[in-house]
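So, here's a batch of structures to check.
The same chain A turns up in both complexes below, where it pairs with chain B and then with chain C.
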Partner chain A sequence: MGKQITFDKKEDLPLVTSSFESMAWNKTGDWRYLKPIFQDKTPPCNNSCPAGEDVQGYLYLAQKKKYKEAWNLIKEENPLPAVCGRACMHPCEDSCNRGEFDEPINISAIERFLADNAIKQGYILPPIKRKKKKEKIAIIGSGPAGLSCAYQLKRIGYQVTIFEALPALGGMLRIGIPDYRLPKDILEHEIDTILELGIQIQTKARIDKETIAKDMKDFHAIFIATGCHKSIRLGIAGGDSRSVISGLDFLKDIHFGKKVPLGKKVAVIGGGNTAIDTARLALRLGAKPFILYRRTPAEMPAIKSEVIQAENEGIEISYLTAPTRIISKGNRVTALECVKNRTGPPDSSGNKTLIEIKDSHFPIEVDNIISAIGEIPDISILPEEVDLENRLIVTDESLKTTMNGVFAGGDVKSPLRSIAHAIGSGKRAAIAIDRYLKAKTLEDVMDTIRIGDGPGLSMRSYLQRDDPSRRKTKQVVRYKDINIDYFEQKPRHAVKTLSIEERVSSKKEVHLGFPCETALQEAGRCFNCGVCNHCDNCYIFCSDLAVIKHKGKTRNTIDYDHCKGCGVCIEECPRDAMYMEREEK
Partner chain B sequence: MSSTMPMQEYISPGHMACPGCGAVLAMRYILNVLGEKTVVVIPASCWSVIDGVFPYSAVRVPLFHTAFETAASVASGIKAGLDIQGDTETTVLAFAGDGATFDIGFQALSGAAERNEDFIYVCYDNEAYMNTGVQRSSATPYGAWTTTTPVRHPKDRPKKRILEIMAAHEIPYAATASIAYPDDLSAKVKKAKGIYGTKFLHIFSPCPTGWKSKSSQIIKIARLAVHTKVFPLYEVENGFTFHINMEPKNIPVREYLKLQGRFAHLSEEDIADIQRQVDEEWEHLLKRALY
Partner chain C sequence: MIKVMIGNHAVSYGVMLSRVQVIPAYPITPQTSIVEELSEFCADGHLNARFIKVESEHSAMACCIGASAAGARTFTATSSQGLALMHEMLHWATGARLPIVMANVNRALGPPWNIWNDQTDSLSQRDTGWLQFYCESNQEVLDTVIQSFKISEEVLLPTMLVLDAFFLSHTAEAVDVPDAQDVDRYLPRYQARYRLDVDNPHSFGNLATPEYYQGFRNKIQDDMIRARTVAKKADEDFESIFHRSYGFTEAYQCEGADLILVTSGTVVSTSRIVIDELRKEGRKVGLLKIRMFRPFPFDDVIGALKDAKKVAVLDRAISFGHSGIFAQEIMSAMYNQPSKPLIYSYITGLGGLDVTPRIITDIINDACERDIPPQESIWIGGKS
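The block that comes next holds the complex of A and B.
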């Protein structure tokens, strides 16, 4: 088709003007001064995930009912989706463009569905095809950072040993998050899938500077992810009293089956997740806990939805209330004296300053006081060569400490304490250690593996398991880039929760998770920001017939010989998976 | 969106339309439904140019170029010829612009419709004589600039209500459609193909050249025309039964007007006036649809 015809002689001309060929010979691409290009961009959910999950990618697979592939895709970046689907603070949902349209996608519930479904169906990870490497790496600490690092190093091919001080793996996931939020069989299942890759473990192996110096000589690199397991002491009169329980110790003791004698009136001091978890656990043990927090609800670091659940369960939270003195009778605490605060102008760190309201002191009758005002790392175990700042390990971008061959991540290194951040730093360390052992830098690969302009790195890109031609640009797609004419408003599906009575009388999980049908519908709400999902709008609306469809999953291409550059494809792409470039003439 | 439109194409790339031409999409969507067994009749129009020059054609089915006023009479003749040959399979499609439909070819069209000739007549409406240089037609909307209704004297008469005029011939099927909604358009072509007699389709086809709009925004403009009620999607069966096919989102007409340079001169009062006219016509249509 499309060849040009010439008539050499007059006799060759037809009797009437008639056509013999199409117009395809006419290369109208010459008319173009703007060139449309198919190019996937970074969705905001992917951009904001500290663990580097391809959120849009697995939501898309879930839309296609490819639940196993979706789970596999999460697992490439994060070995703990069943944990994150339950206990992550999901910044992905905060950045979801759908939030400006109606409500954000319930990503955490879909992640949890995919992970639970994988457990139910007995899915196993595809075997590692990479060659086994001889180098050995020690991971100190088996929280989310340590597990993530061990998992990714093993996938790269290294020999990994995890050292854990406690009798069981999981770190803060195990001792810090009660069963009603993260059932331990779920955690253990996910840890098992990691260990099944062939990772050595040593539990009850408390590491200190001597063991690091002596026993770890054989290791080619060490990753320190010991977390924050020391509670900050309550700095008030009577605060050192033995009757003040630390929130973290309380959670740990209950987890390991120890009896903690509790009275009825339990005051929990603090505003983080430990405080909320402590109070809710105390409630389940028959107490009447209440929470005292010195700042305002907006400044509370705990996950918002968990705070709401605590309130639903009848736990009273007094804001702008700070304890000043513990009143004891003998060994027994009887009351807590508090003072009311008001907020002043913000200080240099942006926090509102707190001003004590004069003569507002008042006593509260209490049976127990649980202090959950924060945790700090136990730095006494660290070698002197490892530099610290503000009691946190100092590292460079590649998580390398000041001690040769020693890397650090998770809560012991970063003030950004979340499961997703810890998982992300474990992965970053795994990549950095691989680079270090190859005598190369992390910086060289950052451009390839960094997701958008966010905190996450892509293991999939690092291991070159993705399609390099479909790698996303760093540009993050925002709501204004979405063509909302192609979407209808649909409310977000909420997860069902256990009744208050059932919650208080058991340790059962509060959130019930999505049934398959709901997960499918909720995934269907995803805009697929910045990533072509083969909707074919570009093809349908091309008046130059210059968009070419291909069989299978290959994305459409543009026939630049004929595209006149009108730009309709870009305007009508619902998800901004294209861009326009000035044509060089 | 996933379209139900058939994807077998009957137009070749390399055609002579301007970038972002709505008329090409109109023809493309229609032929995709009608298929190979179709004869197209084209009077003088943009499409006379778009199709290409001798000895080429951008359309892969037989296509007959004819004089401005003759689309309906030539289509009648071709249909008669096919009847004599005993060909009952082939669809005859007259494909004319608004000039050849609303003005110059109207006599032939009205006559053919009155005789209930068996063909599909499509008017792709870009609201002026675009091919000859953007002169006003009776399809040009109130307030619009054209080269013959300059900014100082923009058009001061409303657009002719062609669909109701055609429906008044009591033909079996008359419908509006838009290039922004190919599925609705395809469904209407399919329906028309299955009906004996004169079928009239009025297709809204933005023209970035004549409307002084961005070539990238033709679909957006066409979509807004539906949702501002400027160009509602509806059909009329047998002259009396009206159905509205898509509930407009009731977007202010300003949103539609502001994307087009041909309306750039309008004052706030003019826009309010157009809004009033659009609302009135919509009420008028609603009454008929509810009747």
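The block that comes next holds the complex of A and C.
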């Protein structure tokens, strides 16, 4: 206890009571029965990213203008941010808590800015510090799954060779996404940064069961990521006709510079991204394409914003319209007979059933028909030991197939065909292969590396799993957990787009990137859900001075000798980066 | 420089000239234009002060306490319900010995809802340990702001200056705005004797045991009493520079008066006219204006009233279950005097009821006619 001062007379008294020595001897922490604890939680964007990006982490770095660090952070999880910043369907934005406040953060545009900025500034990845391992791994397919797996395995230290059937790497990113959405120089730049790590490549190397059995004996593990490159045939009269072009073949042929003769009236059948891209590419080649989709707009699997752009460009989409017959004159297609559908009650899978409207058949004059109703894997190349189900490879959680040492990921394994899922599965396979080669299981580390309760795994957590500091809990922060008193409504910054005239007369990229200033402002809208961003509200509000600040980036700590557990720090934390624990006494 | 301005802006100019450093404020009719004008002064650089928007009057006063404890010259303004909400903090400001100055625009309390003038709000805070001044004109308002800082910073007690809703707050008059240099000479920069200082940490307001607590309270009363001397000197110094002074009370035509009317605020101005008229008729009536209510100016009041036969106190407030509050104060001041007048308590002008020359004349006539004051206050005017 401090020294007590006594006064004899009124005249000796000061005007106000005051202390002249520290009161720290009074350990008021004894009074506490609830204990506040600093603990980062999982932001919803991170939780929903199939590629396992630390979205909040790089938005935070972007807020601090640390663009290089932000890019590095993405690259730890995903080698293709310039691709994802353009072509990912960004589930992160759908789950963004800001969406319930005003509008979600434009995460994809910020990701693209960071990646484009890295290209512009010529940033290179930090060198791999891990010891080179002797084991060799074969990656079959160089789409996002294959590239992601190769990249992460290389970072772990393995020797990696990619086998690609086509003359150039990229898989569906190269042939399936036209230049106006993903310029090829951007794709190539990102692929180069992966290859620069020292990855062997073999292009025009189509693999089949024999080569897998013979030529891959030297490899300690194989990752199959051959994707879905076979178009589903149109199952209608005349559908097998040579005059019906497959959407994917069309995109591929145009990419490799083949001439595809098109008339004016081009009917594109389907509602996925291939259908939309096919129609928009045909438009740029001078045709007047239109899209026929048998279901409703709500069920359309294509990225919504791309559908809107297609419509803006003047492409008409007829919904609940299904082709029934192709009418030809000689070798030439002249018309497409269609029927109108209506929706019925949902079936067992939850999709609305389609009911043909009687006598609603009608012909549409067409010059070409492009069928883009879906793609499936080419399973003829797979060894018999690899089990299939619904034409997809069967694996366990660790992406292990039924054949020893063979893993599979990406579209050839998963029905959830998206770039981010493919990148995520490549990473999952890389971790699983590392575990396999060490005779350990993926399951043992899942709790450490899984992001929240979502689909993504964190490579950073995997590589730094001995360091539990700043690891986030699985709890996903929701809008109700945010103290919105600390935020003001600010509209989302939209990216600018090329004028319609400029788009259709060129193959130029439709979406223009954010300028630096806009990216900074947009990143500044982030709530940083569940993650301490050193706002110091806890420090400011603590009436017991029990929140201790430290120099540098070290986060605040709590002086439990004096914290009374009043909880004001938790109440005033804008982003729920703390929690309260009951103390048993 | 003579400027035509409303009473609220007279407050704002007084605050600006006093070079106040922190203004935490929450709006309430009819006070709002005081702090609005101050926010303009802050925005356009006429006043180098921190203007803090707060979420309630309680917070406004809490903020004043913090700022004043840190050594800043601090001001806020409020009214009615807002002042009531500050109540707890008013006591704290006194106990912490902080020279905060606040303008209270007298407004009735609800319900019934009412935004007009009466004195219930400030008189309800009589015992919080704040000095209180009731102003009659816009000039007096401006001058009293400056004087208030002078007095408060000397005795380390807070001051509330009070002006009537609308009759002063929103009524324009010509006001002589003093030169800033003269005000600086009169009111130098505030140097706090006790100050929160992060480089020299002390905690203030710590617990005091019963044997000490009473001593601290006794010192507050000592300084309240001392405030009379300090306020007198402040008024004299003010006069020597600005050629205006106000005193604690003002006796008007009290010489040889048989009946003296006692009141405060803008009713004083109206009463002056009534007294002049009645004097012309040859009636021996006078008027006593009470400007300083806390500390109570016993000597001035006793001196002015002791020779009168009757005193009629016009109150714009009522202590329910007792009588007019000014009337009680006057009665208690006179009680121990060997020669004392009969004292009559009149209630009028509540909730903005216009106190006309007619009402004042009725009060004087009523007091003249009654031989003995009734036990209960007499209500005049309105629906009473």
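The rule is simple: the second predicted complex is superposed on the first by the 562 of 585 C-alpha atoms of A that agree within 3 Å, B and C clash if a C-alpha of one lies under 4 Å from a C-alpha of the other, contacts with A are read in each partner's own complex, and residues count from 1 in each chain.
Just so it is clear, a contact is a pair of C-beta atoms (placed from the backbone, for glycine too) under 8 Å apart; a residue touches a chain by one contact, two chains touch by 3 or more.
Note that this is a predicted model, so its numbers are computed, not measured.
Asks: Going by the touch definition up top, name the partner, chain B or chain C, that contacts more of chain A.
Replies: B
Asks: Pick one for A:S19: touches chain B only (first), chain C only (second), both, or neither.
Replies: Both chain B and chain C are touched by A:S19.
Asks: Which partner does A:T28 reach: the first (chain B), the second (chain C), both, or neither?
Replies: Only chain B; A:T28 stays clear of chain C.
Asks: Contacts for A:D559 in the overlay, against chain B (first) and chain C (second): which applies, first, second, both or neither?
Replies: first
Asks: Using the superposition on chain A described above, determine whether A:E572 touches chain B (first), chain C (second), both, or neither.
Replies: first
Asks: Just checking: does A:D536 make contact with chain B only, chain C only, both, or neither of them? Give me first, second, both or neither.
Replies: After superposing on A, A:D536 lies in contact with chain B but is clear of chain C.
Asks: Using the superposition on chain A described above, determine whether A:E488 touches chain B (first), chain C (second), both, or neither.
Replies: After superposition on chain A, A:E488 lies in contact with neither partner.
Asks: Mind working out whether A:K10 is in touch with chain B, chain C, both or neither, as first, second, both or neither?
Replies: Touch partner of A:K10: chain C, not chain B.
Asks: Find the residues of chain A that appear in the contact set with chain B and again in the contact set with chain C.
Replies: Shared contact residues on chain A: 7, 14, 17-20, 23.
Asks: Can you list the residues on chain B that touch chain A in the complex?
Replies: Counting only chain B, the residues touching chain A are 1-3, 5, 7, 9, 11-22, 24-25, 28, 51-52, 54-58, 60, 63, 179, 182, 208, 214-220, 223.
Asks: Note which residues of chain A are touching chain C in the complex, please.
Replies: 7, 10, 13-20, 23
Asks: In the complex formed with chain B, which residues of chain A make contact?
Replies: 1-2, 5, 7, 14, 17-28, 31-32, 485-486, 535-537, 539-541, 543-546, 549, 559, 561-562, 564-568, 570-572, 574
Asks: Taking the complex as given, what residues does chain C use to touch chain A?
Replies: 95-97, 156, 193-194, 202-208, 212, 215-216, 218-219
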